[in-house]
Amino acid sequence: MEQILHNRRAILLLVGPALLVYSSVVLLPVVWSLVYTFFEGNVIGGFHFVGLQNYRQLLSDAAFWQALTFTLKYAVTVTAGQILLGLLLALLYVFYLRRASALVRTLVFFPVVLPTVAVAQLFAKIFAIAPQYGLVNAGLALLHLDGWIQAWLGQGSTAFWVLALMDIWRAMGFYAVLLYAGLVEIPAELIEAARVDGASGLRLVWHVVLPLLLPILLSALIFSINGTLKVFDSVLALTGGGPGQATTPLTLYMFNTAFSYGQYGYGSTLAMALAVLSLLVTVMIFGSARRDVA
Amino acid sequence: MMRSDVAARSSRPAPAPGFTRVPRWPPRGQRSRQPRRRSHLRWLRRLPVRLLLVLLLVIEVYPLLWLLLSSLKEDAEFSLKPLWALPAGLYWQNYVEAWTTGNIGLYFLNSVLTVFPALALILVLSVPAGFALEVMRWRGRNFVLLLFLAGIMVPLQILLLPLFTIYFRLDLIDTRWALIVTYTGFGLPLTVFLMAGYFKAIPRELLEAAILDGAGLAQVFFRVAVPLVSNGLVTVALVQFFFLWNDLLFSLTFISSDQLRTIQTGLLNFTGQYGQVAWGPTFAAVSLAVFPTLLLYLLLNQRVIKGLTAGALKG
Amino acid sequence: MQTTDDLDLKALLNRRQFVRLAGGATLGLAALLSGCGGESGGGSSGSGSLAIHFLSVQQAGTGWPLVLQTITADYARSHPGVSFTVDYIAQTNLYQKVQLLAGQGALPLLYNSPPVDTLLQLQKNGQVLDLEATFRQLGVLDQLVPAAVTIIKQLFNNQLLALPFELNIEGFWYNKSIFTRYGLQPPQTWDELVRLAGQLQQHGLQPFAASGIQGWPLTRLIGNYLFRKYGPEALLRVKSGQAKLTDPGYVEAAQAVANLGKQGYFGKGVAELDYDPAEDLFLQGKAAIFYMGSWALRDFNNPARNKIGAEAIGYFPFPTVAGGSGSSDQAPMNAGQTTSVNQARYNSAAGDWLAYVARHYGDVALQKEGAVTGFVVHQQPASVPALTRLVLELISQVKQPVLWFEALFSTKATTLSQQNAAPLVTGAMSPQDFMAAIQQALDQG
């Protein structure tokens, strides 16, 4: 048996093709870009070596810090929203709707399927102030809360929340299904036993359900945070990074720097900063989980 | 507003209509009143959840309805009338335009011809890889797994220039292969990871028993392991499908001829040079693009849940 | 997904493995580069057959592609083997695409011009044709309208590096019915304009419609203010470093436009308004004045869009600024999104075709599209819409064309200017900060 599971030729045959494709499409370009971070210029004008200058520029670039701050704020907010609401929905499916949950699950999952452009347009219209009041402003007008009527997408502070709301709404159904799958797997006897011991409601969820759900919760968290740190499409479609640069994440800043401003080296440096950030966050989540388990 | 409504109802003495059953026997003293009050209370306790549920469904379903209705509006209606207004008439012209000028049929076909081969490749490559990483015994296993994990974190925008250069040198720009290869490469890390998880969930004794019975590796893989993860395959394929189907950046970068454009880039066709957008045809095109995918999801829904519960994503 | 058990975090920090990985990948990269380097996409074939590709932000069957298709179809009758294909790219992705293609020597014969800084780099690489020399050699330089030549040369470092498939004049379009109803007159000076806006607002009307998402409809006002204040050289002086955008006189222009916003003259939603809804505000009579280029005539002449009627639309030039040295016959003009020709793909067959296009573009565009271009018109069509006639007349009266605010800026400065326009008029950004941010981007390169 050991021989079969140690068969090197078989292992190479099994994992080799995937590793080869992955290396040439993802890893090689990453290293290639890493090399660019030591250069200045672009494909038209040519590149020249500048050593660590791009990294020094990074530290003193106000736009980078602004984009980084936005990215972190956005990632934390949206990930928290996606996971929390996803969890609440999953609990709702399991403990309240039980067998009848299939329809609700499916409906809540729908937004995942919609193209970003369409979703962004919908949210832009809901929060619009001109040329027509959108749903929100019309509702406020109806309640005579005229002081609250505002250009939701026209101010950095409110545009952030509209964006966050949109991305939470879009993805919560996905995380709900993911977590639901985990909840269903928890043996009913465990829950029953806890109930017999007098645990109920919040305490049951906190002390019994969540610890059992932790592995899946952790995966969901990593999915979500890696997605939100790299947010691009929805920002581009909803706010274009504006007003001003108020909602510009690192990805968009990097994309503009590399492809609009023709500073490919610096753009690559920004990307590396983002990749390192993603890695750090993931490692941190793994690390803290490990401590919890230990 | 909603809360005061609930409060008003809770102070109402009589049970809400439709929820009282005609008692078989006339109520007798306290014994019979108690269960009645309890069911009444239970109904009230559930009311907030019910309202929440209704709200949830409205929030989820309304956008789809809006999308459909918008696809039947004339362009002028978008700026002249509020967003929730019903279409003035059924303007089917939008669909005609989406299909002819917008060429949405062709783009749909192109999306299918790039996304599905990529999906197939992803599965064909990642199932054995996941098997090797989880079931087989070898040094460097953890490292390779970590390599794949790193791929999940790479921001894809940064790879555009290197990939464009590679594909150009290989004469792959403006071919479906450029997209298929890229999609495959990008789909691999997550899929390999998930597949490894599925294989881990298979009880080891099952595989060992098969080996002790004299099965070769190929038999163990094809006859025992793969059938056990088939639900997982569907799930992974679906997750990847949505990701690839919505890709805009790669197809925008690697494809320039109209004949090969995919559906997401096709949607940009309705945007003009100065930022004007023909919303009617755009929404018609979106509807044409979305509803088949919805149908697919509905068909696969049960298997997906099964796949997820089959032990995916578990440590 | 695998979690704590299987992922050894130490492996992440294992230096030997990392070095092995990096080394391996670098070798692969080197092999790839050396293996495939060298030759790049060749030029087009010799005379006879000619396959013309056009990287365009307008789609086949519309705008310039339609005009070129029509002309090429004519041309192909006497020159079989000539084909014309449009490679459409969305405007927002044009620069990216041009960069990627240019990096591989794969730009087609015709492509929409990227911003000045990029185009000049392309020129160094031999991917931009000097059209003045070429047209002179082909004997068709007289087919270009002099004003169009002036504009393009102003834009591209005094060289004719692009074709003027459009020729636009910009200014304020106003709703004549509204002006008549309240007895208002088109303003002559900036102060009158501000007063006029106040009166319109008192009558419950939104004075100006402008798109803050696009940004440029707002920064156009800043640029024009500067041209009126300092004359046509206002922004050349910034480019040459004689003046800074942070100088008090330049900040004054941003302040003037910010003040309009502060009074609410652009309406509450200016920051989230896109091009179309802004234009609709004007064309549906909800806003009285609309600053725009004459390309908007396509919509003005379209009854489905224009609910106030083409006859209700009037034009007044950008007003003068008190004590300024500019005058209102210096009109902001442009050649729209211009198109450049790739020198690397140019040959005698392409030259014959280009000469033929030059001789016919003005006529075909006016007949087919009602479009005013930088090419000479030989035959006036029988019926020209009144507004189009007005534009032709206005253009003929221009003493000196001026460009726009960002025309001479780097791409980054342009982007910042247009992105920050909305915060400027909503008061989220001060005029000083607005100008300082752009100046900083200019200083960088």
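Letters are used for the chains, namely A, B and C, taken in the order the chains are written, and counting of residues starts over at 1 for each.
FYI, contacts are C-beta pairs under 8 Å (C-beta built on N, C-alpha and C of every residue); 3 or more make two chains touch, one makes a residue touch a chain.
Here the structure is a predicted model, which means the values were calculated and not measured.
Participant: Chain with the smallest distance from its CA centroid to the overall CA centroid?
Facilitator: A
Participant: With respect to inter-chain C-beta contacts, which pair, A-C or B-C, contains the greater number?
Facilitator: A-C
Participant: Would you kindly tell me how far, in whole Å, the mean C-alpha position of chain B lies from that of chain A?
Facilitator: That gives a centre separation of 15 Å.
Participant: Whole-Å distance, chain A centre to chain C centre, using C-alpha means?
Facilitator: 35
Participant: How big is the gap, in whole Å, between where the Cα atoms of chain B centre and where those of chain C centre?
Facilitator: Roughly 39 Å, centre to centre.
Participant: Using the touch rule from the top of the page, what residues of chain C touch 2 or more other chains?
Facilitator: Residue numbers touching two or more other chains: 1, 3-4, 7, 12, 21, 32, 96, 100, 103-104, 213, 277, 280, 284.
Participant: Residues of chain A touching 2+ other chains?
Facilitator: Within chain A, the residues that touch at least two other chains are 24, 27-28, 30, 32, 43, 128, 131, 215, 218-219, 222, 259.
Participant: Going through chain B residue by residue, note those that touch at least 2 other chains and give them in order.
Facilitator: Chain B, residues with two or more chain partners: 79, 147, 149, 160-161, 166, 312-315.
Participant: For the complex, give me every residue of chain C touching chain A.
Facilitator: Touch list, chain C to chain A: 1, 3-4, 7, 9, 12, 21-22, 25-26, 28-29, 32, 95-96, 99-100, 102-104, 117-118, 121-122, 124-125, 212-213, 267-273, 277, 280-281, 284, 286, 410-412, 415, 419-420, 422-423, 426, 428-429.
Participant: How about chain B: which of its residues touch chain C in the complex?
Facilitator: 75-76, 79-80, 142-143, 145-147, 149, 160-161, 164-166, 168-170, 173, 193-194, 196-197, 200, 252-253, 256-258, 268-269, 271, 273-277, 312-315
Participant: What part of chain C is in contact with chain B in the complex they form?
Facilitator: 1-8, 11-12, 14, 17, 21, 32, 36, 55, 57-60, 63, 85-91, 93, 96-97, 100, 103-104, 106, 211, 213-214, 274-277, 280, 284, 295, 304-305, 337
Participant: Can you list the chain A residues touching chain B in their complex?
Facilitator: So the residues of chain A touching chain B come out as 1-2, 4-8, 10-11, 13-15, 17-19, 21-22, 24-30, 32-33, 36, 43, 89, 92, 96, 102, 104-119, 121-122, 125-126, 128, 131-135, 138, 169, 173, 177-178, 180-182, 184-185, 215-216, 218-220, 222, 226, 230, 232-233, 250-251, 254-255, 258-259, 264, 267-268, 271-272, 274-275, 278-279, 282.
Participant: Of all residues in chain A, which touch chain C in the complex?
Facilitator: Counting only chain A, the residues touching chain C are 23-24, 27-28, 30-32, 35, 42-45, 124, 128-131, 150-156, 215, 218-219, 222, 240-246, 256, 259-262, 283, 286-287, 289-290, 293.
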